[in-house]
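What follows is chain A paired twice: with chain B in the first complex and chain C in the second.
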Partner chain A sequence: MSNGIPLAEALARYRADTDLAPPPALTDIDALLHAYHPDHLRDSVTKLAVGANAGDNCQRELAELLQAEAFIDEADLAGAPVTDIDVLVIGGGGAGCAAALAAAENGARVLLATKLRLGDSNTVMAEGGIQAAIEPDDSIQRHIQDTLRGGHHLGDPALVAALAGDGPEVLHWLINQGMQLDQTPSGDLHTRRAGGMSTPRLVHCRDYTGLEMMRVLREAVIQHRSIEVWEQSPAVELLSNEVGQKCVGAVLTSLLDGQLRIVRTRSVILATGGLGRLHLNGFPTSNHLGATGDGLVLAYRIGARLCELDSFQYHPTGLLHPSHLAGKLVTEGVRAAGALLVNGLGQRFIDELQPRDVVCAAILRECSEGRGVRVDDQHSGVWLDTPRLERTQPGILEQQFTSLMTRTHVAGIDPRREPLLVHPTLHYQNGGAVIGVNGATTVPGLYAVGEVAGGIHGRNRLMGNALLEIISFGRRAGVAATVDRDRGPKKVTLEHVNHMRRAMTLAGLPMTQRAPQVLPAYAAGGIWNR
Partner chain B sequence: MTTSNATATESGQPPDVALTINGLAVNAHAGMSLVEAAWHGGVPQVTSVGCLEGVCGSCRVMLRRDKVVTVGLACQTFVEDNIEVVFLPPASAPQHHYEISDFKDGWDIHARFHKIFPEASRCRHCHGCDKACPKGITVENGVALAVAGRYREAGEAFFECVMCELCDAACPELIAPAHVGLFSRRVTAHFHLRPPNLIHRLEELRQERIETCRDEDSKK
Partner chain C sequence: MEPLSMETPRVGASQVLLHPDRRVGADMARWRSSGGGVALARATQNPAAVLAEVKQADLRGLGGSGFPAWRKWEFVAAEAPKPDKYLIVNGNEDEPGTFKDRVLLEETPHQVIEGAVVTALAIGVNRVVFYTNPDLTRSLAAMKAAIEQWQASGLLEQASTALGRPMELQLLPGSGHYIGGEETASMEWVEGRFPFPRGKPPYPAQAGVHGCPTLINNVETIANVPHIVAQGAAWFRALGIGVGTGTKLYSLSGDVLHPGVYELPMGTPLRELIYTHGGGLLSGKPLKAVFTGGPSCALLTPVDLDVAMDFDSLRARGANLGTGAMIVISEGTGIVKRVAEYERFFAHSSCGQCNSCKIGTANMSRLLDRIDTGCGTTADLTTLKNLCTMLPGTGRCHLINGAVQLLDSAFHHFPDEFKQALR
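Right after this comes the complex of A and B.
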């Protein structure tokens, strides 16, 4: 990508006070998406050859991991210490904490294992808010309709109804846990209207909603008498019964000493989040360091069915500069407040409040056709015109976007004076493991909640439904996992790994790649030796 | 486009900032964060990295510039010549125990606070917590507000807290200020956040459920 307006030239040309012509009319949205959205890039999608989704479309980098060799065999488990527990939760973000708390509230002994520190997750970075139909002119039904429409009518109506129906009770539970939310002067919860909502429904805690939620849940989990937490303990494999058809535990390792540990349990709840750190199609990501799609890999190997594996959300406005924040988000709220997108020639090119997939495709079109701002041979972007926003609404950045100002201030950038250089960034996995209304996957004993689960958001998620989903389905799975009582596993095996190995050999697939990834290669030095 | 988020490594310039990370000499590019520099320099066992944007509080580092020692977050601190950086081990488990579900009565919360955090009233005003905070929170004052029972104001002081717990490590009286702040925020929500719009909707849904049950019973 060597074309584009050089940065210095574009900066010299940039003015915050010129009149801008409106963007050209958008005539054919589908054509734009097909030509430029990363989901439609040539070679971006392949067909899976083995497993529960054999024959289905799947993103290429993900397919390589889903059809990869496991790290361990039976021999590696000899002598590994064994822990017995009622419920094992894998993942320490919002979904994992909600599941662990719900299971513990229902009398289970819970072990929560997480790859990094408890709370290191995409939850903690969520700024916007959480959807719940609580306003007088809103209803659960409208929430359901908006969510289904936003997902291009590909979401599962039963899951969406469960999600929307839980909204008010989820807020009640969060407040009981001690989460603060913004109020109006009369004491009502303050709501905003964001993309795809027919009425205001987004409840928030300034632009730190995820941080507030995560620190409260993290503390609640740490303090709970029935929950044990293992940090720096990624899961490398699930365990199955003698026939490889029921999940009866997991094998964890440690980033600190590499020791394998066996956990035997009645139910495993996967809450491992998304896969932004796989940098699909070479894109930067807004995700935290641990988002490497491990849960999808583990679930697929034990036979769980997945869905929408070729649909990902690329957030239009990831930062391109400064480099240490590359791929990190500028919240959609800035555009909602009136900030414009401007190309290297100083022109608007898209209605900024189109859905995320459309704006993303339009930015990529500008860059690819030579109207982007070129930083170097590999990087170009467009301007997010924050100085113009500040000029028309003085003080708005300081008052409403504290988080953005704090982050850019550290890097010596003042968005009030210079425009931000942005480029689409890999943000969210729309699909995931197929689940029922209690988070149960197609494999007995295995639950999936949060971003690792699929079926709720169709092919496009609305702002605020992710924070709702992690609590709603996290708690549902936590309860279901404790109700689902049998005597526990008699025998734990890696039979499902052998099944997958046989299928891969028959399909002529190479056994060179191993998965799960655990950490991106650039961060794994000296930590995770594969 | 890049496969890593670390674009500075690809600029083609030779690395020109010399520093030490966990005792290893590292040559980094100007503008790199300490996390990027650790990756770039192949520093082993840097496991405490999470969000990379200063909200998860994991990447705690101790910094030495000449004779001055400070603490901070590695993703928010940039390379400098001759700076010595040590990634700190994770904080130990909290020493103060409570479950919010045990609190039934808001009137006795102040007594409970002093029972749970007995050290909080022994602050010796050394400002260690204020200096340690990477977010510029007035930690010491926040603790004083909680000690005085002003939990709403105390919690507000800790609004930007990312629970890195560097203030806990800095406190000679083992007060655990970050947890005092979070306790203050939690009890404020738990006892005082009673939003009418939410309560009304919850009641409507409860009535609906009762009616649905009645309908189903009458069908039987």
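Right after this comes the complex of A and C.
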């Protein structure tokens, strides 16, 4: 049951032209997070019993998948065709494309396998922009500090330093690939300041930065002669050497004919993205259909250490109304541009430029304490005050937030006149596979880049660092995967699966659930019914 | 599949050779306090009695042949030194799924050395070579330390006095080749050449290393000798079940919950090894097959679960105990892939001096790989079956026979799996 102020009543009470009092001072951030952030919900976290992270906290729904029976058995591989390649990249989003390009530029033959189509990813949904310390009064050091502070000082400083240090070079590379970015009238790159940043650092292309980035990456990948792309080919298992301790390939299936294919490689780069479609804690998600956490499952089963498995980012401003758009993102850029958050009583309740987890917890607090705007029995949210933004900066929505305007127009809403009703949405997996500065996981031959990797963002990611991460670490892993070449696999086995089965049997865990999930159960009946 | 890692395997139930009291490493004082040296003392007093006792005990060659050890001993004992006699303690152990000798060498080096010295006294050998897999660095280190203690402590001198001439102990790391474990190949390596197996005859007992009479026994065989001498043949025979005598080190691996080395009475049923000691199969799946004695033997299937695992009972069923390796395969594990992997191992391991083996194993491996990767045709399967009838017995050593036996057995038990994998 949701209490709160009914939608009609709240809308009637709403005024865009009154002066709003500043929000109450935020005294105890930790107490707010503990009381309202979904990571701290009771029953949300369990301890892992087996694997490299045995004993660590893990989100409950994710733990069930990490400790699950494999999708395939060895007998299923009899007669499976074998492809030999230098580098296998699993995932066709920004990180996968960047890694594939870097590996191919270094002379490797690359196979890029993607679950859906090339570019079906969360990269295309990144609206806000990409962080890079390029302004005269900015510095790499400030970028590092902001990122670490935003992640509650739990990020790995070496990874953060690598990330921030790569920023300007990454922009240079992207521009050379043909990416369009917004410019100031004088021709400099236009930057914005967003949550958690001490200075403007967000470079962007309107409010579809990720889409524009994916456009150029996709074109580059398709055109590259050394990169082969397999679409609709999800990975269902990794392959290990005879002792199950090195990754030497992967088993792919096809969504079209269900046939298994073995790929033998020197190195595998996981770029499988996040897990929003697991709908942790029942939250809606901003993620695309394929974001089911497969990479974490595969990496964990082969023995890779993961981190921060109980920490997820819920984006503060997912649309709540109309319901068919539930979970869709309203970019943080809107708040960066000056839009305020207002509760059902017409009051500000939080500094809108606080890091995402804080804003998210504050919105959930308003909703649970009855100051939210109630849509129905289950759902309530708060206003994102776009009319006020339009009033103070006329035309800004049209010019800078094209994609938002298009989407709301289709839904019959005009954000220039009525505020948007928003609620936190499951957005990003803060943790992931533990990596080094070259994206190498703790398992030889296995790299992880992008959202599936962890350690950079601590327990909270700043806006614009994800797009930077996928290119920065994608390229680093692509290069490292080609440099690090041994003679190739002698034997490819599923020995690591047996290791996991043995550990699970010893721990008394059930073997009923299978993973990876590949597609959400509600998508065409799930992969299992094919 | 098989624990190729250099980690020490887990040791399960153990009675004699791997009894916790005996696993003291290269610690001579602890070895002596656990009964070490008793057999040596007896043998120095009455060397002739040793052979009779071992014959009475029916000690078998535990490296895979199951050939009565005492028969080989008798042959060598009957030969005159020319001018030396050799004993090669074979610890080359390189077969997939076999990992027992390394435990004996690493954890009970004194037991192995005592066995070798007692054997040498019994049949008049003056040169003892411990021939060891070069990759097993911990076993090598333990043996090196133990041999130095024997040389320093006077035990070796005691044995030399009893023998009437100096006895020499040599630790010789092998070549790292699987084929180097074949007995005639080991002699080539001891002589300083590449380990090509020799043709027989002459048998090693007549003309072995440098033409001298040579006895070659597996580490496990030799390790049993002190206990037979110290506790008597009757005690040893009573350890076994049914026709089996003594104990056997079973290397259990594959899809079982607790892989490891288990020392059980010779003749223990497969069911007891897998389910009582091994904890059953992973995920509770049904048993599909067992590769016994490493891959160079036929497969066992669930109908064989209650067969006594000794040399004679298994041979009666057309299988072979071999080294005591039991690679357990559960439902869900593919036979084609496993067999293809093993044939690749054989093709890789063939020394290449016999054409039939060199080309035959390579061809079998190639055809199986084709089938396993979905490129195989009915013609490939027919070719493989033809090779199985053509190849056995065409090589100097048994490698080609083992390669064929494995494939033949897989065809016999799982014909459908091969057919399903065809294009």
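Convention: the second predicted complex is superposed on the first by the 516 of 530 C-alpha atoms of A that agree within 3 Å, B and C clash if a C-alpha of one lies under 4 Å from a C-alpha of the other, contacts with A are read in each partner's own complex, and residues count from 1 in each chain.
One rule holds in what follows: contacts are C-beta pairs under 8 Å (C-beta built on N, C-alpha and C of every residue); 3 or more make two chains touch, one makes a residue touch a chain.
All figures in this text were calculated on a predicted structure; none of them were measured in a lab.
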| item | value |
| --- | --- |
| Chain B versus chain C as contact partner of A:Ala336, first or second or both or neither | neither |
| Which superposed partner A:Pro81 touches (first chain B, second chain C, both, neither) | second |
| Partner chain(s) touched by A:Ile396 [first = chain B, second = chain C, both, neither] | neither |
| Which partner reaches more residues of chain A (counting touched residues only), chain B or chain C | B |
| First, second, both or neither for A:Leu255, with chain B first and chain C second | first |
| Which of chain B and chain C A:His224 touches, first, second, both or neither | first |
| Which superposed partner A:Val45 touches (first chain B, second chain C, both, neither) | neither |
| Contact residues common to both interfaces of chain A (with chain B and with chain C) | none |
| Chain A residues touching chain B - in the complex, by the definition given at the top | 1, 116-117, 119-121, 124-125, 132-136, 140, 165, 168-169, 171-172, 175-181, 183, 186-189, 206, 208, 210-212, 215-216, 218-220, 222-225, 231-232, 255-256, 279, 282-285, 288-290, 322-328, 376, 378-379, 402-403, 406-407, 410, 520, 522-523, 525-527 |
| In the complex, chain B residues that touch chain A | 1-8, 10-11, 31-33, 35-36, 39, 42-56, 58, 75-76, 78, 90, 93-94, 97-101, 155, 159-163, 179, 182, 185-190, 193-198, 200-202, 205 |
| In the complex with chain C, residue positions of chain A that touch it | 69, 73-82, 242-243, 245, 262, 491, 493, 495, 498, 501-502, 504-506, 511 |
| Interfacial residue positions of chain C with respect to chain A in the complex | 1-5, 255, 257, 282-284, 331-337, 341, 344, 371-376, 417, 420-423 |
